[in-house]
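Next come two complexes built around chain A: one with chain B, the other with chain C.
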Partner chain A sequence: MANPSAVCNGHLHHQKQNNLLKSGTSKKNGITKGIKKNGVSNGSLSKKAFIEHFEQAPMYVAVLTFVGFGVGTIFGYLRDFMRAWGLEKRNVATEREQQKDFVPLYQDFENFYTRNLYMRIRDNWNRPICSVPGPQFDLMERVTDDYNWTFRFTGRTIKNVINMGSYNYLGFAETDADALKTVAKELQKYGTGICSTRQEMGNLDKHVELEKLVARFLGVEDAMVFGMGFATNSMNIPALVGKGCLILSDELNHTSLVLGARLSGATIRIFKHNNIQSLESLLRDAIIYGQPRSRRAWRKIIILVEGIYSMEGSIVRLPEIVSLKRKYKAYLYLDEAHSIGAVGATGRGVVEYFGMNPDDVDVLMGTFTKSFGAAGGYIAGKKDLVDFLRTHSHSAVYATSMCPPVAEQIIRAMKCLMGLDGTTQGLQRVQKLGKNTRYFRRRLHEMGFIIYGNDDSPVVPLLLFMPGKIGAFARRMLEKNIGVVVVGFPATPITESRARFCVSAAHTREMLDTVLNALDELGDFLQLKYSRYSKSAHPELYEETRFELED
Partner chain B sequence: MDIKRVKDYFYWLYFQYLLITCSYVLEPWEQSMFHTITVTVLAMVLYTAYVFIPIHVRLAFEFFSQMFGGQSESTV
Partner chain C sequence: SLQEKEELIEEWQPEPLVPPVSKDHPSLNYNIVSGPPAHKIIVNGKECINFASFNFLGLLDNEKVKNAAQASLKKYGVGTCGPRGFYGTFDVHLELEERLAKFMRTEEAIIYSYGFATIASAIPAYSKRGDIMFVDEAACFAIQKGLQASRSNIKLFKHNDMAYLERLLKEQETEDQKNPRKARVTRRFIVVEGLYMNTGDICPLPELIKLKYKYKVRIFLEESLSFGVLGEHGRGITEHFGVNIDDIDLISANMENSLASIGGFCCGRSFVIDHQ
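Up next is the complex of A and B:
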């Protein structure tokens, strides 16, 4: 299933994309979806169901969550009082005696939550791992003598903990010697250090090879790679927009996008998460009223969205956003950090998932950290855009470029995905991930948990709600030899703390069944099964939006 | 065997109470303080209910029966 050579007169035709999909590689649940060509624009548009769940918890759960936070806050004040009056040892950073009369250096109240609630359950985060984070990993065991202020290692390692937290969607985080042959060769040839920036002496032939491959993979004209995924967003958005431009950013965008937007100096307006009406009303206001005081037209309007939102598991409504952007003449910046490699029939991200043309999106951004088992990010799009970024991006001018063994790992992973290494292993991984995702979500829905997000997204947030259950859930799962990531207040709304599972193609059915059985047991023990719709056999009970694209 | 199931059930109930009120995360001495306060408040509520509710119910019953009972007497 090799991708037919995609470059033809320097342009990439959409027909090639169509052929790939028509050749039956787009299979969902064993049914091949026929692709309808709808005239000139947006050629192939499969009208697939877009099912997302954001079920609200029963009212008593919200009340009890606030009760729990209230108790925590009261005891927090009590402990702070004891610490201030010397009745208890202070473990936090304080100024020296001589500086007591100065302006306070450590603003105590801002860290109230960290000091009093986070510290108590801190043993569930930053757990040190001592093996590759594949489908299973080894943990170093650590205990605390003073309620999580300090830890010490017992020296024992907990072996073969099932990994439900790593973004290892396609299972490329592996130590198999055969798979890493080329990487080892490049390591011997180039070493690990670049010691320079891209614009000085850090531009290697490996980078050029990788960029060509990325452009071919995505079906665009050109691409540029950077050493760090976070820096790709935060350093390139300021290069693309500046003062006098308008940024319309989704409510739940990642910190890297928010940081990049703030650094650019443009005006930022937020629209409700994945809400097309909110985005449209903002666009209309922007065009009708222009800039705040001068009423001039905005220099540029750019919409920042993500392919898959990692805290919600929801997928962006790309067709509607593209039609909006065409109507109002705005630009679209799509951050596919979690969706590249993870969704789409051949792993090419949300653009392929919706059957759209990559030319519809102006700036395609993604990272290699998640599905490719490496590090770094890329920006892809038209050649003019990428050439502009090569000269104007802060990351290219000042940051060290990607190191060669990592670049080779991405190259081998991408070649495997595209089928260029002669095997169908890449496609098998993508399909395995799709199967695992659907199985895992279906079973969790049937058991009665509240799960957020789209049915096709490999990020599965399971809602815990109450603060007391966060620590209990993570600790008990570790006792059963399963490692999970739990998230609480600052990263999520205060009432919606959750456990976030990341399904991987490397998980076998047995591992998923072990996890599901443990979740079943723990769900009953901790009373986590809040869902009012327990059987997934009645799809009409779910909120379902069938999108109809209007041009 | 039955005793063990009953004991496990009570432990489970106690654990739910700890989770709901977020006293699961507190240190032991804080937990004791919290349990003492909760038990005290609960005891006071129950005592007040025991002392006052029967009297209130009886008075309310008398009030309403007098209102309706008195009405029917006057129509004779």
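Up next is the complex of A and C:
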């Protein structure tokens, strides 16, 4: 969603990194950002420029998007009408004969969008693959005979499709037998499952080892791991806050955070995405006016933010939020699902990216699914916090713990990242990811697409806007042997459908070049290059102000 | 005024983030299990016979299972790196769903990655605010979380007490007659477990089916503990009582007990499962 303060004014100053800036702030697209002077980053203060782009589309694009949805809706009504009158076949499964007089399970209108609009382009999601989800994978070929109502597998596989969709940031989703030999050994020794909850017989020595390693990796006192990333949020937020507390959450937080906040029973207030003024005004109002009806003081205030937002690619403004938190005595809960392993000089997440102390954040949460190629989540912080969670978390009491081979995969990946296995492979992966990200984003900007998000985030959303282009884009990319992910309503606002690329450390330069060339062609064919501020690839030409006139 | 506001902000003291936990809280120090959690396990250094894990069929140690897992490790690696919608669906997922559906003799099945989340996500998918759910008192925690997330009206009935349930249903019917238009759109569900985790007894399924047709409520059956345990072939409580499986609208189970793995599944008719 576009930052509301990003008003497109006529010019854009794309300042390169080695320009010296006289003033402390600069205006880009109407967003005022504090740009710090460039210098050698020695870890204490962030000296990089924090550049984020949220360009708005030209007006005609928004109009055409609405027109597209309008046409789809009209056709939807027409077809529903025809189906109700039997003029067209009904392909949806129906209720049992004996239960026809029960109250209907679904309202017809709820599924209107699903039936009429989503069904048309349904073949772009849930694509089954049959190999490891690395930088390239094999897709199973699927055809449909009746316009996406049912699918049929032809039995052939499309080999070596370049994978721009899986969250494989550091490339740990691999089947290299050498790398996985510890995992195979653990599998042989421990078996596949646990069959018990954490507090009963489910706490293996592997878990203890893993928790110590996670705490060491992040630089905090203690950590606790859980079996599933999504469930980590939804089961621990209710343990930390209850009635009488206030939760301030970002507009674009993930469903797991929203679910956890709702289940806790606390009051929820939403602040605009990454907008510090909005957050500050909410904090002041909360402290001054107290709870809504009784005017008593709030018991606790917690701020829920994410490290990298998965649909936008933007990074949270951590230094400002931490200073706000200190001033108003609130608590900070940071969900680093996408950013752990992906940003930061050695892969330790946004805390390292900004050069801050991990003690500043009260609750550090993250998942192992994305950068580490395994499953599960963790919560880390001070020892008191983790002790409390061990006793009071819903997950520890009722849900099964992580299974041993998965824990071993995380241990191996983390040791590789920290360099404890004796190689520099971990650091190389992090640096390769950074290089790939910057190269990819720079080339896309030069080509003229609208990209959202921070220049350093490996999640790259490319805006498509119009509903018709969603299907066309995904299908044509598949024809060129590139697998992409497209998202539309309801995961994104209705006018901002996008294609989301996840750059990985396992992608080679050639793979990225293939993708970029394909994007170039497709962008021209589908008219996707909406950006009015394309960077030229050869800016040196502007320096020529004088030239010799031939007499 | 501004001065007062600043003073209020200075004075406000929040509670500590977490209340301190005493050092000898009973659940604080977990028992550390070294080695595989099979029938004989080593807890805190002592070897014991394991009566505490839900390893009903003993599949934790099975060689065939381990070999199959090793083969898939070589082929697929460890994680899926993505949700189902975005290249996270593997051919083995689809095969598992087909096999489960065939085994349970239903039309379709769908799998989840975490057992707790299975029932806690399945309930809110069907029952929204304003719908009515009749739930047994001894329902397990995951069901309670699902109910909380769905925000429907919940009516508890005493554990395994069919007369109480019938009374509640009759009350609901008289209410419906007062307001027929609303009654036509509120959905009604009964949520029961096959084998209750909290008390360990079985629910009386045939009587529930009779109540279902009499009062027009749908049944959601949670078979986490009874899958693989009850019934001649392990198909659960429907086989145990000889009830037609199509009578149950949705069966949800988690695979972490008898099947010695992680995850859960829901199965039923296509009409019900497609929605998920």
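One rule holds in what follows: the second predicted complex is superposed on the first by the 480 of 551 C-alpha atoms of A that agree within 3 Å, B and C clash if a C-alpha of one lies under 4 Å from a C-alpha of the other, contacts with A are read in each partner's own complex, and residues count from 1 in each chain.
As a working rule, a contact is a pair of C-beta atoms (placed from the backbone, for glycine too) under 8 Å apart; a residue touches a chain by one contact, two chains touch by 3 or more.
The structure displayed is predicted, hence computed values, not measured ones.
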item: Clash-or-fit label for the pair chain B, chain C on chain A; value: fit
item: Partner chain(s) touched by A:Lys370 [first = chain B, second = chain C, both, neither]; value: second
item: Touching partner for A:Ala472 - first (chain B), second (chain C), both, neither; value: first
item: Chain B versus chain C as contact partner of A:Arg120, first or second or both or neither; value: first
item: Dominant toucher of chain A (residue count), chain B or chain C; value: C
item: First, second, both or neither for A:Arg299, with chain B first and chain C second; value: second
item: First (chain B), second (chain C), both or neither touched by A:Glu446; value: neither
item: Contacts of A:Asp80 with chain B and chain C, given as first, second, both or neither; value: neither
item: Contacts of A:Val67 with chain B and chain C, given as first, second, both or neither; value: first
item: Chain B versus chain C as contact partner of A:Glu280, first or second or both or neither; value: neither
item: Gap in Å between nearest CA atoms once chain C and chain B share a frame through chain A; value: 20
item: Common interface positions of chain A, toward chain B and toward chain C; value: none
item: Chain B contact footprint on chain A (complex, rising order); value: 64, 67-69, 71-72, 75, 78, 117, 120-121, 147, 466-469, 471-472, 525-527
item: Partner chain C, residues of chain A touching it in the complex; value: 92-96, 98-99, 101-107, 125-134, 137, 140, 163, 165-168, 172-175, 177, 180, 183-184, 187-196, 198-205, 208, 227-228, 230-231, 235, 240, 259, 262-263, 284, 287-288, 297-301, 328-331, 362-363, 368-370, 372-375, 384-385, 387-391, 394-400, 403, 405-406, 409, 483, 485
item: Residues of chain C touching chain A in the complex; value: 5, 8-9, 12-15, 17-21, 25, 27-28, 30-38, 41, 43, 50, 52-55, 59-61, 65-66, 69-70, 73-82, 84-91, 93-94, 113-117, 126, 140-142, 145, 148-149, 183-188, 213, 216, 218, 246, 249, 256-257, 259-262, 269-272, 274-275
item: Chain B residues within the chain A interface of the complex; value: 12, 15-16, 18-27, 30, 34
